[in-house]
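Shared chain: chain A. Partners: chain B in the first complex, chain C in the second.
So, the complex of A and B:
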């Protein structure tokens, strides 16, 4: 066992593999940071280069792009309030709020250290407990998925900022959006108005880019002639390095978040985005110190989201390598990479190609360490961008958003939809309606509806299946608690209801 | 100065003439890249198949070939797109069984049989009845007998409600005299996880996808849906053997818009047929077990096969209540 790992580390450290790791991670960081290019797209674009590489080098490259992408998504989120990845939406809420207060470099440090910690945590769990994670993930059937989405949706109160009423308004709008398109159970068309534009439903990346990124540009463009002092104020990176005691103070969050991330990452159909939202919601719900800060720059929320979205990588890879089932979009693309090199990911992979499996473990471990350094470089680069006049920067971002929306399915329809959403997002900001609950509901709504209906199909209509397993009961009571608790605890939260 | 001016004119004239000549010479089809439109996302079965054929096309087409993905609307969005391009042989649609089902009750203004000419069928896949490795059912007979005693008691998963996945599940079990509950999921990954976790009984799915899990004993196959036994699973009976008269499988074909000049259709058919012999493609279909049943059918046979399948699907969809 140990020599397998030593051999794997030695292979990954060969010069050409190291080069692949650096290039893959840099590409991932860039793809992640740019709002239009998602991590899975970054991996797809690399796939065609892997034909001519040796299998190990190919996987080192792809693992680099995968981990880099999940990590890079948060740089632009914190600095510019523009999420590079859907999994960085909670980071936009807390991280960008911190940046606006002049603590940009502090927020970036917290994000970077938590990301790397979350990533390493999940790799270690993966190495130690692959069979355990895989069998736990399989316990999730439709009823458990439903309970998980209910728990996810119940954090709306935590995402609402000032008024719960507006938070729920935004949430229900998102749930409505999730019902558009082809019904996943009957194949019936809903709210498509006999056009093909809405037939496939609303892709949440399109909605997210429009609601958050483009509408942010509109808001900024309202004051084109204001004196320009750079996007956000920040102090030097060295001066803002967070002390160890900061993380120690949030011990519960630091332990819980990567666990949530690893498990949710292993669930096919969930992934980094849902992991980040759930972990963020848990932190908001149990915050002992300064719960009122959530939505306005809570360090704890930033930590929770960043630990979890990076930890989901280990979970996703675990279920891919042990069962051949992709836990996320990006790992689904990796299956293609296995096939290109004549392998079938599945339970037998460990015995047929142990070199590849241990090599992937080793490269994930080393890539996380490498990213610590590379991300600092990337952060410095993006901090420089901050000095660029916003009028120029925003135009570039707008182009990237349009390209990204088009690139999802090579279709102009998504670009139109994205601009429609940017107007909706602009209006929502003007009326002070939080955007995050809408995105959360759009991400979870589809899964909530389908898993509920699947569960009822399986039980022949009996709702008892929803509380039929310990997992569902625990998750649902957590959801109940987070909805009921604020009603009794803090009548202030109900302002506006 | 004058000299320079004249010289400029001469240069203009000559380059203009050269360009015109080049245009005339290149007027031979294909003068630009041919687009293969895959109406599914990147990385899926149709996409990898199309890209494998495209590898073999590359050396034959000097202006190249581009594979583009346009998922959405159950593969109809991409079909609509190709039907809106000019019929000049530069857009080729990767057709699957989904389009034949859509032809019964089209979702968009485009209908496969009416708007397209088939070039050829390239693959004919095999499905299998797959359940969990530790399931109580040892043989297909066990499963069918239990299913007959408990109507709707067997829960089978699939990916497309009202589509190929539901049709093949329901139609197969109908021939066996069993009524099952069909539970649609979003992806093959979720289905496999749900079978392994014991949340559903099983699935009727393309075999190649589940083979690694079957070989590892985590899943088991009770029956392959074809005329003979499958070489990768010699111990598993085929549907004909157990007396179920059902051998339909997922097909992949390529087509162009109706009205494309016959000589261009012929050209495309020739280059595609040639690329099906390419060693890389041959290795690909061997790895994916797509060579078990002969996939290739010429244009005429493909059209005839399509018409038969559409008839069959129309009957099944009527019984299921999707079409009145």
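So, the complex of A and C:
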């Protein structure tokens, strides 16, 4: 076991992997910090460029982008009051209020230290929990895998936003898209309409880039011409380093928040936003020192939100690596990265590719440490980048999307398909149909169908096999609960988000 | 938006209904004792069609409940909405033209023109930004993707291909 860890650390520290970690983290920080680009969009844009990389380098790059994105989302929140990520909304409330009082640098330090602490905490949990959960999941057969994919798909309730009906429509549309192309079992052509472009199925990277990134730029284009003007003065970082006693004074929050973040991150579909809000809400509810400051620049609120949103990354990655279930939008995109490199995240991954799993552990640990330094450097850089004209920035994103789709097979057909998906994504967003469930279903659909058909083949067509084992029953019950629970209960603070 | 939602829901029903019709050909395909190619897409499409119908009903009900005056907008709001629609339409057309002409003009020229026109569409009017940014951005993209990652971008045809070969 220790050998695996040492080898993984040594691999991650190779110069090309270190470079990938730095570039991925910087890109993530940029994507997270700039409004209009989410962490998942940042990861999606990188996906197509990982084809030519070795799997380890690809994951180091993507982990950097993921952690950087979650961390970077709060930079613009504190400095300019603009949440780079939905999970940074509590940070806007407290962090920007502190910034307006002339304590921007202090708020940035608190955010940064809490983010890194939350991230490291969850990585330790991930390292301990992943092998335990994965060894249990090795008992899975096709029926259990089907139940697992249903549980994975059930996160649609968490990703649906306002309307469950629209969330499920998006999900089933994604399941349909996953069936296009040649059937993996019978070799039958499905919905190809005698074209070659659809024969191999729809590449999920093409679909993701179109649905998420390009459509987002079209939506942004509706807004009047924007040129960003920051209003907060930034002072030297070293002058306002917070004392250790500050964190000691909020010990309970510092213990509770990363635990909330890690657990919520591990819940399918919950992700960093819910983690940040729940932790922030809990801090506000139990605050003993200066509860009246909440909403006006409470350091405790900032700590709680930042510890939790970064801690959610480890929780999400734990269930992704051990069960193959995405805990958030971004980890759903990560499934695509595994598939690109011929792997399936889940219990078998630890035995088939331990180098990758331990490499991801090591890269998450090291990226969190690296982010401490990179974020300080990046804050100054982003102050400058935010002055870049939005029109040029959007054009650059569009070109990156086109290159991303083209680079998959060096074929313009993928770019045209990506364009078609961008129009679908735009229409979906205009009519409040969430895009994330569609992407999730597109990624998991193939596995769900194949598992179901294999299970039915084993049982001679009897559907009872699907509920024939306690594991299947537990997983399907979890899926049912995951779908039904949000219908009855949604935290008040999340309503309207 | 209510009217738009009704039309969108109807389009969803038509699309999923058509695909569901296509699925009937797939049902029953496959070897005896095996679940055929059509079952899974049939389940997905049948549910999608049903959900689209529910979405249509919900849109119609909300539209009726809102009453005829609910959609009244001020002249300013209508003008703003129209401006947004024009900008989005032009952005979409601009990107479509970009990806269509790229194989003919080559990556460099198509990208230079695209950045310039797209920035104009989004409302950029500063001459120095319009003059410098396309060149700077294309140079950076070429350096990273054509030279460093060596993606074989389209070179174009004829004189455009000759031009592209000067760079990659």
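Here is the rule we go by: the second predicted complex is superposed on the first by the 278 of 497 C-alpha atoms of A that agree within 3 Å, B and C clash if a C-alpha of one lies under 4 Å from a C-alpha of the other, contacts with A are read in each partner's own complex, and residues count from 1 in each chain.
Definition applied: a contact is a pair of C-beta atoms (placed from the backbone, for glycine too) under 8 Å apart; a residue touches a chain by one contact, two chains touch by 3 or more.
Since this is a predicted model, take the numbers as computed values, not measurements.
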{"item": "First (chain B), second (chain C), both or neither touched by A:49", "value": "second"}
{"item": "Which of chain B and chain C A:332 touches, first, second, both or neither", "value": "first"}
{"item": "When both partners are placed on the shared chain, which of chain B and chain C touches more of chain A", "value": "C"}
{"item": "Partner chain in contact with A:452 - chain B first, chain C second, else both or neither", "value": "second"}
{"item": "Touched partner set for A:183, first chain B, second chain C, both or neither", "value": "both"}
{"item": "Partner chain(s) touched by A:355 [first = chain B, second = chain C, both, neither]", "value": "neither"}
{"item": "Which superposed partner A:240 touches (first chain B, second chain C, both, neither)", "value": "neither"}
{"item": "Which superposed partner A:431 touches (first chain B, second chain C, both, neither)", "value": "second"}
{"item": "Chain B versus chain C as contact partner of A:138, first or second or both or neither", "value": "first"}
{"item": "Touching both chain C and chain B, counted on chain A across the two superposed complexes", "value": "183, 185-186, 410, 457, 460"}
{"item": "Residues of chain A touching chain C in the complex", "value": "49, 52, 165-166, 168-169, 172-173, 175-176, 179, 183, 185-186, 188, 190-191, 214, 217-218, 221-225, 389-392, 394-396, 398-400, 402-403, 406-407, 410, 412, 415-416, 419, 422-423, 426-427, 430-431, 445, 448-449, 452-453, 456-457, 460-461"}
{"item": "Chain C - residues contacting chain A, complex", "value": "4-5, 8, 12, 16, 19, 22, 26, 29-31, 33-37, 39-41, 44-45, 47-48, 51-52, 54-55, 58, 83-85, 87-88, 91-92, 95-96, 98-99, 102-103, 111, 114-115, 118-119, 121-124, 126, 129, 133, 137, 141, 145, 149, 151-154"}
{"item": "Interface residues, chain A side, partner chain B - complex", "value": "44, 137-142, 182-187, 189, 196, 199-200, 267-269, 319, 323-327, 332-333, 335-336, 339, 342, 344-349, 409-411, 450, 454, 457-458, 460"}
{"item": "Contacting residues of chain B [partner chain A, same complex]", "value": "41-43, 48, 68-74, 76-77, 80, 107-108, 152, 155, 160-163, 181, 183-187, 189-190, 192-194, 196-200, 211-213, 215-216, 218, 287-288, 322"}
